[in-house]
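Note that the chains take the letters A, B, C and D in the order they are written out, and that residue 1 is the start of every chain.
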Amino acid sequence: MKSSVIVFPGSNCDRDIAVALEKMQFKNQMVWHKETELPKSDLIIIPGGFSYGDYLRSGAIAGKSSIINEVIKAANSGCLILGICNGFQILTETGLLKGTLLRNKNLRFINKDVNIKVLNNETKFTSKYKKNQILRINIAHNEGNYFTNAKHLDEMREKNLIAFKYCDEKGNINTQSNPNGALNNIAGIYNSKKNILGMMPHPERMIDKLVSNDDGINLFSSLLK
Amino acid sequence: MKFSVTVILKKDVLDPQGKVVQNTLKDLGFLNLKNIRQGKFFEIELNENDEQKAKNAVKQMCEKLLANLIIEDFKISKTK
Amino acid sequence: MKITNKIIENHGLKLNEYENIKKLLKREPNFLELGIFSAMWNEHCSYKSSRLHLKNLPTKGRQVIQGPGENAGVIDIGDDDAIVFKIESHNHPSFIEPYQGAATGVGGILRDVFTMGARPIALLNSIHFGSPKHPKTKSLLNGVVSGIGGYGNCIGIPTVAGETKFDETYNENILVNAMAVGHAKKNKIFYSKAKGLDKTVVYVGSKTGRDGIHGASMASAEFDEKSEEKKPTVQVGDPFTEKLLLEACLELMKDDSIIAIQDMGAAGLTSSSVEMASKGSLGIELELDKIPCREENMTPYEMMLSESQERMLIILEDGKEEYAKKIFQKWDLDFVIIGKTNNDKNLTLKFNKEVVGKIPIDALASKAPVYNREWVKKKPTQYKVDLKKLKKIKVEDALVKILSSPNHSNKSWITNQYDQMVMCDTIQRSGSDAAIIRIHNKDKAIAVSVDSSANYCKSHPITGGKQIVCENWRNLIAVGAKPLAITNCLNFGNPENKEVMGEFAECLIGIKEACEYLNYPVVSGNVSFYNGTNNKNIYPTPVIGGVGLIKNVSKPLGHNFKKIKSNIILVGKTFGHLGQSCFLRENYSINEGRPPEVNLANEKNNGEIILKLFEKNLLNSVHDISNGGLILALCEMSIGSGIGINISKPKKLRNILEYLFGEDQGRYILEVDSEKVKNVEKMLITNNIYYENIGLTQNKYFEIEGEFKINTNDLFKINNQWYNDF
Amino acid sequence: MKFSVTVILKKDVLDPQGKVVQNTLKDLGFLNLKNIRQGKFFEIELNENDEQKAKNAVKQMCEKLLANLIIEDFKISKTK
């Protein structure tokens, strides 16, 4: 399995994701944003961080970089794309995923472990999880408040495109278990072909029991298959 | 030639920032505040004498980068 | 421009200092030169009031690779690994503009660490605010916390520990101290000492603007009503550019292109160039036309004194210019050759081909003034607490009062705004006695903590000085780390006041004694004087940042109780000392009294035995006892876990309040499995350690027999209320 | 009564955001761009008929919350 991690100026979870991919035996390459060509890959990851300082809007400027055109091409030809945190924001800015990520409801940066529920385990990203499994996973963002229009929300419900929702430890999805105000507690979504996943929580931070837990491992092992 | 551009969230988009600002202002005692919306503001200076061309360029800047048309509207006006 | 007394004063120089400048130059300085002297001779850069006292601190040890005098201290943690760390204050800028002040404080201390070739791996902070009731406190707290987070989160370095305190003494002068810790290879440490003639001097990073001109002299002056007018000096941080600068510098450092490197911190280009030349006993010539400027028409004066952030000065080996330039271009950063080293031992400044300033380097550095300021000893207070004379209070009520007070409330409102996990090596996050950061790809880790005790230092500076070093040491021990070395940030009032100077001198005596006894040397630090307004000085607030080593890292114990029916063992003697305790302050508003005595021998013995118990895997959890005494420490262990306790009243002590709330030093609480108790006790006894078996953990209820019983959930709520309402 | 307020960094204060936006626009091919500065924009609606009073209230909102006077300037204008 060949993976590529796109590195923008200001990306800062690039090393963390590379460590995770290597640990899971992916053949990984780091791709600097000024490159005009992507190495052949089965999986492209846009990591978290503050690309271009999150200036203007988070993800906006990275969304205009030359490498992103290559990512769009790859996506259209069916390559798997995973955007984590800032990566998710970049994917919405390019239009590969619909909707947008607004400022957190409390207007503060939030870093903590939260619970999320796996809504759809029939995708290339989540096949190793059980349906409705609850994961404990770290979030760290200023703009994670997912928003989209009613039509798109309906479409996502119909086609099962909502990947994860924030919930409490018992799996209840409600306002109390919503850390950032995201519409319907949405923590991650797919595009309609389900080859693109954008998520705010950081699976790469959950692969080592010494640091946290290993709830993120199955995301990578699902992809390996 | 100088332009000023305002970018603001579309009406049907949730505005967490505006809401917090509104509540804070109310707490500060501004009881006659009816509504406040927050957006971005740009002051753009171009090396271009043809007003139509300049305006067009600014419009493109907005469409390509400065505004996210899915959630935001923009307005351009010429300043002296 | 004619240099008048007024101009001299505005530069923060005294008239006799000006006379001295003329003697050293053998002529009158021009305006640019005067500016440069003022930047180098102010308190912040010259350490003129503190130097004589700092000299006495212990700075050596087998673990020390580089002590004070460089951008940061360096210690050896075995194999080929070194830890580089330092703490710095950004008090005055943060009071004027809390977000940017705090942010640039973090940016500045990070540069100190990566200049030395280290990748930063952790950030800490110590922040002190005025009374929560003071009208400015709320916005200052908000601004400072989001500024610290804003910078650290963006650049991608975890902020893992700190302390947050409120006291009236900081109403008009908050403290914002930031500490950075980095990891380097022992044989790849970079220093600021220039070497060699005719070597290229390169400017890299952001452009120079008019920001922060005279920032260093602002940090060396008291505030008054007019300080609001000093606003244009506010610097804005750009963590994005700093991230690029960090990566570019570390990339260049992989080979041997760099002779010397120095970040531009306080007094910008002036102090960086002078320091490099001074350390290398060389001269340096700069062509100021080449400086990349952000604004139009900047003068040499502005360029030399600007404190624009995210800039570095590098001296390169011959022939490395092109190679280095490519790296900085890749990261979209300015890279400009601005000068050369020479052997005439002057700072020579050229602008439009003309020499616009020429000053002997030693006049700016080694011949800068050093003062032996007058100081007086603190008279120890005679005040003794007499509980009988105070209004009766129930244990439970006193506890609730403390737990819900701003100073003792749970800090997650703050720590949740910091990315603590990025880099994926944070083994123990905020909320415990010390944070633990694994060395990437290795089995070892470091523990870090920052501590201060201003009220102890105010009441009895020598004891206070000793106590903070010990408390910091204890916090590292409590997570199983062997304490190695410290950095310190000395926040004091006006040194021209002899009481303040006395507090400074005596705190340092205390720090020195404790560091020597514990073999806990000082490897870096920072002094911040003039914290006060119109002759009202803050309490003496030295802050200690410590680093310890965990050789074989495993899942940390933390201080949360793990099981019910474990034994609770109290290590160390309880005398019931209530002077300066938070019990008296929170419940009776009594600020008098002496701080608890520090017994260094006990401190050391108790700490060392705890480490042995760790090694033998005999403990379930550990917590040190500090502010609030035994009961508060027990509460903290319960709140995090939901597991309660059941302890009986002491038989010997006269008074339960003294027993539970006394702040006697050198104590720890251990949670031990019942099967292991024998073993633990045996080790304590053979090592002559005083201990008491005080009770057991139990389900859900926090209970002092015959006194009160309270649900741990309620304790949690009480402890978590304040910030949420804030 | 409606007002619009623009808040912008004072001259000489570093504008990291503006710098990045400017570079990006150049990269996108807007070569005649001379300068761009980014600020905040507020649309404020008040229940107040006395223009002087209303304006005063908006000014106070700016001073107390919307602008950081240490590094920013603001401008108020009445809109219809």
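Note that in this section a contact is a pair of C-beta atoms (placed from the backbone, for glycine too) under 8 Å apart; a residue touches a chain by one contact, two chains touch by 3 or more.
Only a predicted model underlies this, so the values are computations on that prediction, with no experimental measurement involved.
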Note to self: Applying the document's contact definition, name the chain pair with more C-beta pairs in contact, A-D or A-C.
What the structure shows: A-C
Note to self: Can you work out the whole-Å distance between the CA centroids of subunit A and subunit D?
What the structure shows: 34
Margin query: Centroid of subunit B to centroid of subunit D, CA atoms only: how many Å?
Written below: 9
Check: Roughly how many whole angstrom separate the Cα centroids of subunit A and subunit C?
Finding: 36
Next item on the list: Let me have the rounded angstrom distance from the C-alpha centre of subunit A over to the C-alpha centre of subunit B, please.
Entry: 29
Check: Which parts of subunit B, given as residue numbers and ranges, touch two or more other chains?
Finding: 64-66
Checklist line | Per-residue multi-chain contacts in subunit C, two or more chains | finding: 238, 240-241, 332
Next item on the list: Hunt down the residues of subunit A that sit against at least two other chains at once, touch-wise.
Entry: 52-53, 55-56, 61, 64
Check: Among the chains present, which pairs are found to touch?
Finding: A-B, A-C, A-D, B-D, C-D
Item checked: Residue numbers on subunit C that touch subunit A, as the complex places them -> 146, 149-150, 153-156, 238-241, 243-244, 330-332, 412, 415-427, 438, 553-555
Note to self: Show me the residue ranges of subunit B that touch subunit A in the complex, using the header's touch definition.
What the structure shows: 12-17, 20, 64-66, 68, 70-71
Item checked: subunit D residues within the subunit B interface of the complex -> 4, 6-8, 21, 24-25, 28, 30, 32-48, 54, 57, 60-61, 64-66
Checklist line | Sites on subunit C touched by subunit D in the complex | finding: 96-97, 99-100, 206, 209-211, 231-232, 234-236, 238, 240-241, 294-295, 308-309, 332
Note to self: Using the touch definition from the top, list the residues of subunit D that touch subunit A in their complex.
What the structure shows: 16-17, 20-21, 24, 27-28, 38
